[in-house]
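In this document, chain identifiers A, B, C and D correspond to the written order of the chains, with residue numbering beginning at 1 in each.
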Amino acid sequence: MPISVAVAGASGYAGGELLRLLANHPEFEIRVVTAHQNAGSPLGAVHPHLRSLAELVLQPTEARVLAEADVVFLALPHGASGAVTAQLPDDVLAVDCGADHRLTDEDAWAAFYGGEYHGAWSYGLPELLLDGGAAKQRDTLAGVTRIAVPGCNVTAITLGLAPGVAAGVVEADDLVSVLAVGTSGAGKSLRPDLLASEIMGSASAYAVGGTHRHTPEIVQNLTAAGGAGVSISFTPVLVPMSRGILATSTARLASGVSAAEVREAWQVAYADEPFVHVLPAGSFPRTSDTLGANTALMGLAVDENAGRVVVVSAIDNLVKGTAGAAIQSANLALGLPETLGLPLNGVAP
Amino acid sequence: MPISVAVAGASGYAGGELLRLLANHPEFEIRVVTAHQNAGSPLGAVHPHLRSLAELVLQPTEARVLAEADVVFLALPHGASGAVTAQLPDDVLAVDCGADHRLTDEDAWAAFYGGEYHGAWSYGLPELLLDGGAAKQRDTLAGVTRIAVPGCNVTAITLGLAPGVAAGVVEADDLVSVLAVGTSGAGKSLRPDLLASEIMGSASAYAVGGTHRHTPEIVQNLTAAGGAGVSISFTPVLVPMSRGILATSTARLASGVSAAEVREAWQVAYADEPFVHVLPAGSFPRTSDTLGANTALMGLAVDENAGRVVVVSAIDNLVKGTAGAAIQSANLALGLPETLGLPLNGVAP
Amino acid sequence: MPISVAVAGASGYAGGELLRLLANHPEFEIRVVTAHQNAGSPLGAVHPHLRSLAELVLQPTEARVLAEADVVFLALPHGASGAVTAQLPDDVLAVDCGADHRLTDEDAWAAFYGGEYHGAWSYGLPELLLDGGAAKQRDTLAGVTRIAVPGCNVTAITLGLAPGVAAGVVEADDLVSVLAVGTSGAGKSLRPDLLASEIMGSASAYAVGGTHRHTPEIVQNLTAAGGAGVSISFTPVLVPMSRGILATSTARLASGVSAAEVREAWQVAYADEPFVHVLPAGSFPRTSDTLGANTALMGLAVDENAGRVVVVSAIDNLVKGTAGAAIQSANLALGLPETLGLPLNGVAP
Amino acid sequence: MPISVAVAGASGYAGGELLRLLANHPEFEIRVVTAHQNAGSPLGAVHPHLRSLAELVLQPTEARVLAEADVVFLALPHGASGAVTAQLPDDVLAVDCGADHRLTDEDAWAAFYGGEYHGAWSYGLPELLLDGGAAKQRDTLAGVTRIAVPGCNVTAITLGLAPGVAAGVVEADDLVSVLAVGTSGAGKSLRPDLLASEIMGSASAYAVGGTHRHTPEIVQNLTAAGGAGVSISFTPVLVPMSRGILATSTARLASGVSAAEVREAWQVAYADEPFVHVLPAGSFPRTSDTLGANTALMGLAVDENAGRVVVVSAIDNLVKGTAGAAIQSANLALGLPETLGLPLNGVAP
């Protein structure tokens, strides 16, 4: 019998991508889709690219409606999940793509988000190294019923830096990461700066100077990986593409560590991962190679002159950065094969 | 009487941009345009956007031909300028947009470029602070007859970081800069990775790990500005736009320096500059705001948690990054008003 | 003494482009800039690309304020100009970039726009052929004080087809035109379909089936050029670029007309035009070659099998399609050289 | 037992897309991949987006190698297929994505392609109406062993116009079609006009005036559909996107036909099609809604004033335009379910 799923916030970009992936998942059956403003519309009017789901009608986002499903994926604005999930039965698997349940530190929540703190859920980044590599986050996900999906920028940076931090081959206290990010990460918000005329042919930075809300989540992850005194300067740069994150992350090389030891740390960390791949020396990823796929690609170099390791990691922000990670984590929680229903190959060119 | 000018390498992107700007310069008259493969063609066949120059015929790139002009702008591949300029009369003003005459350190030339070293010329970045801000590069350009125009990435990073380095409000020994760069910086080369199908919808890094040839030039500039032990990790990221560089540069905040002192350093450095502008706190530039203009815009933030200053600087790689800088420097060398013929306003959206 | 100018609706894309061009006009001095929502803001906050005008403060859009200037350029939403211009003194030169005063046929206005009809003004397309080529629209503009600037799509199609229609070498009664248009033509409207995420990587048609408001204006122009029974199927296609219109227009070849006679019609029509150029046989324009310029480029072919002439015409919708045409027409009305302050060369690549 | 397949020309864009789709096909097993210049390379070096196939090694394109498979997909430059396929055993199913076997008229081949004529194969457009709608091309494909896949522009135009032509609600003798096309249709050719710097921010037409090689194939299809005296003016416009074709096609409305009869013709034609969908009145497709999917979407309007029907059709040139059509046709030839392994949902935004 298929597992029934609901998607809350189905009219947004993350919701649409969840549906695109769920439509191909062999064990899941989409039973309920909900939205706020678009409730009552058929999905075909909101997401004309989802032909196979065109007749599904959006319902209002209410816990009562969502609770009809075995699994509830939430793709709501931050702040909105908490109220809904509080009313879901305990045995429903709730997977939240928003920020509400990511941070374990209430002070960090207060400082970067504010408003009511709803507590932390199991963190949906299976490949995250824990305790210097002694374990991975995957090991903690079997059987859980509450999962918080990481932020998309966080995933790109964490996957890029965690192996070196966990292995101690780089210093964790002066990390610098600059991301080229596509526009879909900002959602369908009607902001003048997101108009096509403003974006095409231009690059611009935002949340400069340590103000981005994803910052404490990166610190939380790299600390869990084993980093001491983790500190990061992180700047996202909006570039003219709909999807994709390319994170260029650097860390000071730890004293006495060779380039070979650096590469070894990353290769060991991801040797058996189905979705995370370290490219050969001299190769670096393009975001388009991950488009539509749950894949993270990364390349690695040691800059001996600057004394820094540089890691370039690429993901599709809507897949490995959001919807794919949600499904991957749900697979693990439910005891299904981790890769079920998740594309490995990107759509390029 | 107008000053006659020649453009060598007129069929490339830098050559085309020189011509676009020169066509509007009130004191210059374009007399000679030269090319290699396209010699014999009218300019209209090579640069259909340059309507006012469509009938000019490209001649072969030979010193004899170029020497007919009072001023020679060279937009040749690196390695090609040296041979040509050696044959130009001493009283011709030669302005080289290539790399051949930028580096004062022959070892750095050998390490990053190789081949014959042709010596360093006067460096064409008028706004570059010297000796902790005691002078500017502008002061050295009057009357010179040999000018080396900076690399485009170098200009974006140098202008961004020099004020802090010169004033000592940041440390110069662990700089990190990541650039979002448009494709025209790579020229018209027929490389598969520069095809539109590969570039659109994608971001990718290159020259990762300290291998980019612009690295020693940045060190040279920031050392001239007063930096001690300058070291930089610098990664360019190719993004889907034809023009523009957005450099996100960070430096460790010097001990005991306040955010106000940081801002002060930048504001003082560029207070009277016609082409370089520091945006108000909280504002950061878009590359499109500089498109077609000789303008550099920058925004500044202090990340107290990370202990780093972050500077975001935007230029048009073909204007302030190449052709505009060449003309600005030529203006100074010839005793003309520095801003003559150079657009301040970008073409946006 | 400079001629003082005002720009109403200065915060939009057309207003911004008027200002960019006016800032370089040797006879005009920008005295007043007005806006609706942004009144009170400095221009630098609204148009960060207009560095030379950054300190100008936007005033409210009122006739009293605008009347301080000798020339008033209006870049307001359609329907808004009429009320304002009714209060301007007769001796002020008013140049309206909106649709309010373009149509001579009140019924066409009612059918395609609706609302109060404000009457037709002198039509600001100087190159428009009249009466089979016996005259041009330019001849009617000297000394006028009320000018209606054509719609941008209209300009691309009219310039493309008028020579053949006027000369009778094509039939005017079954024209077909499909346009690739950039997003800035839709203005800064906060519409979901204009978000960058929706536009990049996609093409889509709108106003399909003869519903576009520019349709009667095209018919009006081609009838003025001498066409009998003018009828056109016209479809705009939104493509991922900020600026530019590429119109592919076809007309049935008139009976017994040779390909040479076809080309002759276009070449004669535009032989002496400073801004409109017919490319050699086999060459066709790119929109980027007109970016930022007041130039229209076109290429021409006869499809003998299909019995149709195909004309491909390119303009920058914000320049020759709007702001440039406004200034060109104002130059003519004021007895200034027609080309004053208007760029011929595009910004490419 | 899985059906073994080979892909010849696997290093190009069409070859890559075949592999992306084949990797998810439940009945096919990729056994052989071949290339010309890249023979010997692992697929991961050529198509880094195809992670699941990264280790496959490219072999030289020889009939002997290809004949190891049950099904051979050919994605070779036109002119190259003929020589290879002549050597394939008769019982191998050969599916050619090139032009070599599309045209039934040897004179048309000579006029538009030239070189040796290899004869026509079964035509791989299952939805093509035949004989006024009495049959569909699908009916002819069971059991065939030689299939010619249509050209991508041809598919967009044919699917758009065939219903009206077959039903006689439009005239077939003065069709006009203008296409916005993405760059991947031109392949990986190292042509200066395909460089990203030239394409981004620009639109341009090519093969203007009836010279495009796809022209006779369109005439062949619409004649097969039942059109009399089929004649078409067809102009492709290159726009800044990697994938996608948006065809705007118009035909004169037949005498006495109502708008309702027009819509009826299209709805009846595609009512049961899994991959071709007619959108509701007033809706028109975006190419991004078909990205990565084997779906064709179309919208329809009657322009009463112009007396023309306008059809806007969207496909992904690499999927429904090439690789998807190839697999769909192979499914039919082999007696598999037609939709097997083919995505219905696009990847958007």
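The working rule: contacts are C-beta pairs under 8 Å (C-beta built on N, C-alpha and C of every residue); 3 or more make two chains touch, one makes a residue touch a chain.
For reference, the UniProt names are A, B, C, D = N-acetyl-gamma-glutamyl-phosphate reductase.
All values derive from a computational prediction rather than experimental measurement.
Counting C-beta pairs in contact, the pair that comes out ahead of the other among B-C and C-D is C-D. Across the assembly, the mean Cα position most removed from that of chain A is the one of C. One simple way to say how far apart two chains are is to compare their mean CA positions; for chain B and chain D this gives 46 Å. Taking each chain's centre as the mean of its C-alpha atoms, chain C lies 37 Å from chain D. Multi-chain contact residues of chain C (touching two or more other chains) are listed as 13, 184, 197-198, 200-201, 240-243, 285-286, 288-289, 291, 348-349. Contact residues on chain B toward chain D in their complex (touch as defined above): 13, 182-184, 186, 188, 190-192, 194-201, 240-242. The touching residues of chain A, when paired with chain B in their complex, are 174, 176, 178, 180, 197-198, 200-206, 208-211, 215, 231-233, 235, 237, 239-244, 246, 248, 250, 252, 284-289, 291, 299, 301-308, 310, 312, 314, 348-349.
Those residues of chain C that touch chain B in the complex are listed here as 13, 16, 20, 23-24, 47-53, 184, 200-201, 242-243, 277, 279, 283, 285-286, 288-293, 295, 297, 343-349.
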